[in-house]
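Mind having a look at this structure? Questions to follow.
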Amino acid sequence: MKRPQLSNFFHGHRAPVGAVPGTLLLHPDAQQPVITVTRYDLERVDTQIVKTIDEIKALMNGDYRVTWINVDGLADLHLITDMGDLFGFHRLAMEDVLNITQRPKSEDYGDFLFVINRMPSLNANDQVAIEQISYFLKKGILVTFQEDVGDCWNPVRDRIRQGRGIIRQEDSDYLLYALLDSVVDAYFPILEHFGDKVEALNDRILERANPREMREMHMIRQELISLRRAIWPQRDVFSSLMRDQKRFVGETTAIYLRDCYDHAAQLMDLVETYREIAATSMELYISSVNNRMNEIMKVLTIIATIFIPLSFIASVYGMNFDANKSPFNMPELEWEYGYPFALGLMALTAGALLTWFWRRGWIFSGKDR
Amino acid sequence: MKRPQLSNFFHGHRAPVGAVPGTLLLHPDAQQPVITVTRYDLERVDTQIVKTIDEIKALMNGDYRVTWINVDGLADLHLITDMGDLFGFHRLAMEDVLNITQRPKSEDYGDFLFVINRMPSLNANDQVAIEQISYFLKKGILVTFQEDVGDCWNPVRDRIRQGRGIIRQEDSDYLLYALLDSVVDAYFPILEHFGDKVEALNDRILERANPREMREMHMIRQELISLRRAIWPQRDVFSSLMRDQKRFVGETTAIYLRDCYDHAAQLMDLVETYREIAATSMELYISSVNNRMNEIMKVLTIIATIFIPLSFIASVYGMNFDANKSPFNMPELEWEYGYPFALGLMALTAGALLTWFWRRGWIFSGKDR
Amino acid sequence: MKRPQLSNFFHGHRAPVGAVPGTLLLHPDAQQPVITVTRYDLERVDTQIVKTIDEIKALMNGDYRVTWINVDGLADLHLITDMGDLFGFHRLAMEDVLNITQRPKSEDYGDFLFVINRMPSLNANDQVAIEQISYFLKKGILVTFQEDVGDCWNPVRDRIRQGRGIIRQEDSDYLLYALLDSVVDAYFPILEHFGDKVEALNDRILERANPREMREMHMIRQELISLRRAIWPQRDVFSSLMRDQKRFVGETTAIYLRDCYDHAAQLMDLVETYREIAATSMELYISSVNNRMNEIMKVLTIIATIFIPLSFIASVYGMNFDANKSPFNMPELEWEYGYPFALGLMALTAGALLTWFWRRGWIFSGKDR
Amino acid sequence: MKRPQLSNFFHGHRAPVGAVPGTLLLHPDAQQPVITVTRYDLERVDTQIVKTIDEIKALMNGDYRVTWINVDGLADLHLITDMGDLFGFHRLAMEDVLNITQRPKSEDYGDFLFVINRMPSLNANDQVAIEQISYFLKKGILVTFQEDVGDCWNPVRDRIRQGRGIIRQEDSDYLLYALLDSVVDAYFPILEHFGDKVEALNDRILERANPREMREMHMIRQELISLRRAIWPQRDVFSSLMRDQKRFVGETTAIYLRDCYDHAAQLMDLVETYREIAATSMELYISSVNNRMNEIMKVLTIIATIFIPLSFIASVYGMNFDANKSPFNMPELEWEYGYPFALGLMALTAGALLTWFWRRGWIFSGKDR
Amino acid sequence: MKRPQLSNFFHGHRAPVGAVPGTLLLHPDAQQPVITVTRYDLERVDTQIVKTIDEIKALMNGDYRVTWINVDGLADLHLITDMGDLFGFHRLAMEDVLNITQRPKSEDYGDFLFVINRMPSLNANDQVAIEQISYFLKKGILVTFQEDVGDCWNPVRDRIRQGRGIIRQEDSDYLLYALLDSVVDAYFPILEHFGDKVEALNDRILERANPREMREMHMIRQELISLRRAIWPQRDVFSSLMRDQKRFVGETTAIYLRDCYDHAAQLMDLVETYREIAATSMELYISSVNNRMNEIMKVLTIIATIFIPLSFIASVYGMNFDANKSPFNMPELEWEYGYPFALGLMALTAGALLTWFWRRGWIFSGKDR
């Protein structure tokens, strides 16, 4: 099941507080499992979809070099419990399989290696959905659990089927690598998608900042936070697989895992770079808005400041003091050149203010554009 | 006692500066202790509530595999001192039990292991209250001290009573693990509660920012600071228990503690993610406010800038210069088309200003919405 | 001497650049030293105030288990030099004693252990004054130097006098621990004092932000910077004493020092938590101010935007165009319903604007409160 | 191919998700390769441009001490694959050569050492283009792959040709050092270029802040983010070459590599310093804009606040109440000193307001400039 | 040569990209070297200024314990090359001597120890100039290179001449320590100078914020960035000298170097503290500016909002509708109490608005001061 972002990403379906560790619990949206068993060695490949544990048991008897059991969908608690028992997986690990909010990690349980990582996909609203994948590695056996049908592993399946690369010469540890590698590589197109958007927004903000762009940038930043959270621990997983799990991971595969590690490091680089660019863009946006406000205020101030005194002068000469009653009462109204005098006074005032503005660099300076 | 947040969280009841180390001191709000002794092995379970040290002593004689003594409430100094003496706990550790503002930690005192962690709960005002729990672990014995009655351990008690899981097969170290695990898991619903609120606020701020939302976000950020402070050192506690305390913690339990460690790491992830989201939301909020201010200023500026010159023109023709006294005095008033001329002048001015605004993109551009 | 904050805290009285290392130099405000010699073992305690080196020498001959020589005030260069020589302390260490701006540290000089930490106190203006304390530890001997009379050690002195705790059973390393512990514990009430103020300010800012609160918060932040600077290196001192100085610090004392280390860690936690709360409060304050500005601007804009067009209409009909001269000149003035028409025009304009504001959510929306 | 910034820098041409590891894939803009084989020892130098693998093979037979094969342009997939096969390079390494978005790294593949770093150049728009360079080191052989023709290695070629320095006395590891060193040194002029611009902008912002400067600063900050991303991992490459690759890197060369490491550290210092200066400049800019807004608002407020009451007074005496109808109707208009009284009232009002402003420090204080 | 800040500090005179490593290159402003040879042992001191390499050679023959050759000025490339050859210094180290933008570092070249640190001074404009100093240490020999005449070492020279301290008893490693120590101590007065300015500015900003203060604070912040860049790596130099260079640095000197290390740590503390204070001051400044803007806007809003409606009323009664033509045309003008009615209407409006402002807390609340 591909989930919409954040809330579902974080809110798993956890066993109640204090439950027996290893309590298996169904996620409410879990899908009915589809089990695919792929067996291969250098000469043969065989893929079957099975329904019951007994069918799996039957298939285990073949003497193929590698058996890969992939379970899509986690809704059948009984079946999954049985599978754990069949292979002797620890209940704690099985609990982690079903609790789909685990951090990527790798754990050595003595007789098997347990790995979790997270596979990303992009939904229709440009939001990242991140599916948890669990891997159990034993010599010659790899069991994988996905939340639902649909993954990025078809190219690996093709390589097995067609015998391309060295996959059919190697043991199940190489298969584990091939699957992990596909998952890590699936982040690149998604990150590039966000990278393109960050850059486009950045360019648009540089040109002219609008609230819509800002809101989009904000949403991308939150997606990047999710992605970082998913990628960051994967790096540690790879480095731990390379260094500490020599019992499960062979020499050849370790060299290939170094490649995964590099890719994870590169992904972190990209995420951090985009986050930084997004953050400086937000700063730029805020300062652009401030700037535009400045400009608006300047226009208002200039217009208002010039016309307010002029209007005042006009108002004065609009007063109705009775010039007939007293020679002190607005003699200007009776002057021959009274009106031109008033206009001149206004022109003078306006001129003085304009000069003052010009000397402060507020007008005609061409500097602020 | 569940305490309201911050002040009480930070202000413990500390022994006076320079007091004898190990001075036992009563917290003023401390409750009368309720002592529960639970003894069990694979076949038997026995739970009793006792009142005196002698009763405890009597119960210790039974040959159960594990004895768990849980003390709820720290008000009876005498009794607690006696318990410490009974089991030979160091005075420094006993002091920490009573001083309820300790950081989570684990300390090896030679003949017992001393662990502190903090159990969260959510009070009615959506504030986190964090209770200190102290654990003393010896072979076959676990003594726990809580500040008051009420905890998240009932599922563990049920498991003991009903013999579910492996708890009755294992020693007291596994019991310690089971209790620690319950405490860590108790953080998840609380964090998810805040996570939901952060996301809801984030959505509301994206849509339309109000000061109320901002204030709420501010309060959640402070709760997250408290939570981080409580969770962060627990991770170190688990890793130290797994790695360094092999004398007290067996192989089996160590594997389970790895699970606790993972959960603590996941909690830190969640806290940090919510903090980051909250922080970027605050940024968005601030830039939204700026933006709205911008909009308001633009409306004011446009209206004022257009009407101020028009009003000025009207004022001019409202002046009372006496046209009879001189041909220079406001001849426009006498013109046949004086009034239309004045109105036309106003229309022209308004048109020019509107054009100018339009060319600056301030009106009719549809860009800023 | 308790010093006011910052400038004096940072500006020590340093030997001139390039001086012989170990140059002893008097601090200008240094006080005349008061020397107290306390000798004790399990049975006996003896405290004397002495004036000369010879008196000290005489007292050293007694066969007490521990001799503690405490020097309050550093003004007598000669006496202090002689004391250094008497006990064979390295000149570099003696220089550090007098240069009262040292960072807390512990140094192994081969035949003695040299420790510096800093004792806080709160002066009348709520400012932190931080006094440097130097400790020289040898087997059975502890020499301490304080800048001036007055410290937080009286409870330790009482414990020695009254033989409470294990202090009289242990060697001088335990005395060192007891003194260090008192100093660390002296930070708690001060931090709690600032914590209370931070929370009170935080609440007041949440309710209604004023510049006064902001300024107070700013000053508290600076005090917290000083405190962090004083506390941070103390943690390293304790961990180094516990781990590296086994030659000077016995097994028993090391367990107690772990307690000091915990306290220092807890202090750092508190400082960081308060700093974070103060920082988010500042953010909240700024956004509150922005918000209030927004509100003010809105009122201005609404009032101005409504009345400016109305005033314009009134001004138009206040023009003096002579209706007698021409039928085009303001015929409205002659209309029977001219005045009601003008008032109606105004009411219409005002109504239109109010509607527009209402639809933008600026008035009557009840949303922004 | 020198690429414009960001998008191309980040968006490589990656093998599809899940492809066989080591899949060689052509970058769409890749150029036809030009292969230069340079062979030298103490006495001889020989440089040839070759076209085919066979030619290379032929040249390998010579008994020169060092053979350097430099490939400019990656468009001929077939040829590059053949080269990898010829020298026995691992397919994963060959994939990295073609996937031109690798992080700088050094990897030990057992029989050869694989190094990647990134060579910067500045394009016409002052944007950084960063080309990936791959190095394969074996005893006596160095194979380098560049994305396109044009590099910063001519001085090294001259040194080889002219036998300056010790380059012709040393093995291929020294050649590797010489090339890496040239690449690291190529960052200095570019960083200095940006440094000059940052400082010039900083000075201009200190003097008078304009949006244009801010936008430029923003673009430089983004270039610095790219540069940091390119430089940061190079430091690790050098330290790993010095410490871990003793099998490939001799004693002498290791000393020289220490120099590279120092240069990379110095570059990081420069990048971080410029970033900090740019960040504080942005802060200064924002506060300057705020300040100027303040100033503008003050002018508006002073002018408006003074004239609004004056205009009001004038308006009052412009009302047309009929003084003849009633003695209460504007008797002032009939007073002998009515007009001077009105003017006086205005002067008084203006004076009172000016005084108030002056006492608030808004005018004539000379403080804010 | 003391250099002005930033540009020159960062832009060294580097060998061209790809040059032979160890290329010696003259800095354009380099001064003619002045060479001082100081020889001493416990009994004798001898200081001579020499001009040629041969003179140095001659002086080396004396059997003094320590020979210190100090070169002030780097302009004579030939002479410096010869000196390097005379003592067998590696060309890479000699290149670093001339390239005066090195980071502080210490490097073991097998037969000599090479150290670089940076000596600060304050020029007339309160800007920090930082000179590079290079040290070559061999048993009994110390060669130092400074960019130009003038340093902070006169006290060390005096100590040698007068035999104060233990300098004449110790080997050249102690001399190295003495010089390094002088350089580190030279940072204290400079940092205290900036510290005083930061605090003074901080106080002034607390009282009343002006743009001038902000600009000064900005410049100090940049100086602090430079200082941090110079100090930070020195700490590593001292710790590496203490721990790793036992071959060159004796036991006694190592104890003294611990002192240098402490001083460098203390310097970093000071720099970081001042930087934090400066940063919070900037925040305070910005919020003060916002606040003052708030205040200004409030005044404008109150005055404008009160008088705009009043003016409107006055304008209405200034309209010229002809009351004679119709009873509907402004009958108020004819009322007996028309004028008092109008004034009353105005008073009412003003009163209502004032009440409203008062209830919002905008006036007479005394809260915002």
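Which chain is which? They are A, B, C, D and E, in the order written, and residues in each are numbered from 1.
The rule is simple: a residue touches a chain if its C-beta (ideal position, glycine included) is under 8 Å from a C-beta of that chain, and two chains touch if they have at least 3 such contacts.
None of these values were measured; they are calculated from a predicted model.
> Using the touch definition from the top, list the chains contacting both chain D and chain E.
Common contact partners of chain D and chain E, which must touch each of the two, are absent.
> Quick check for you: after a Cα superposition of chain C on chain D, what is the rotation angle, between 0 and 180°, in steps of 5?
145
> Where the CA atoms of chain A average out and where those of chain E average out, how many Å apart are those spots?
Roughly 39 Å, centre to centre.
> Find the geometric centre of each of chain C and chain E from their Cα atoms only, then give the gap between the two centres in Å, rounded to an integer.
Centre-to-centre distance between chain C and chain E: 24 Å.
> Please output the residue numbers of chain B that touch at least 2 other chains, ranges allowed.
286, 290, 293, 297, 300, 304, 308, 311, 315, 318-320, 330
> Ring order, please: chain A first, chain B next, then the rest.
In ring order from chain A, with chain B immediately after, the list is A, B, C, E, D.
> Per the contact definition, I'd like the list of chain A residues that touch chain B in the complex.
Chain A reaches chain B through residues 6-7, 10-11, 14-22, 90, 92, 101-103, 105, 107, 109, 208, 210-211, 214-215, 218-219, 221-222, 225-226, 229, 282, 285-286, 289-290, 292-293, 296-297, 299-300, 303-304, 307-308, 310-311, 314-315, 317-320, 323, 330, 332-340, 342-343.
> Flag every residue of chain D that touches chain E in the complex, lowest number first.
Residues of chain D touching chain E: 152-156, 159, 164-165, 167, 178, 181-182, 185-186, 188-189, 192, 195-196, 199, 202, 206, 255-256, 258-259, 262, 265-266, 269-270, 273, 276-277, 280, 283-284, 286-288, 290-291, 293-294, 297-298, 300-301, 304-305, 308-309, 311-312, 315-316, 318-322, 325-326, 328-330, 361-362, 367-369.
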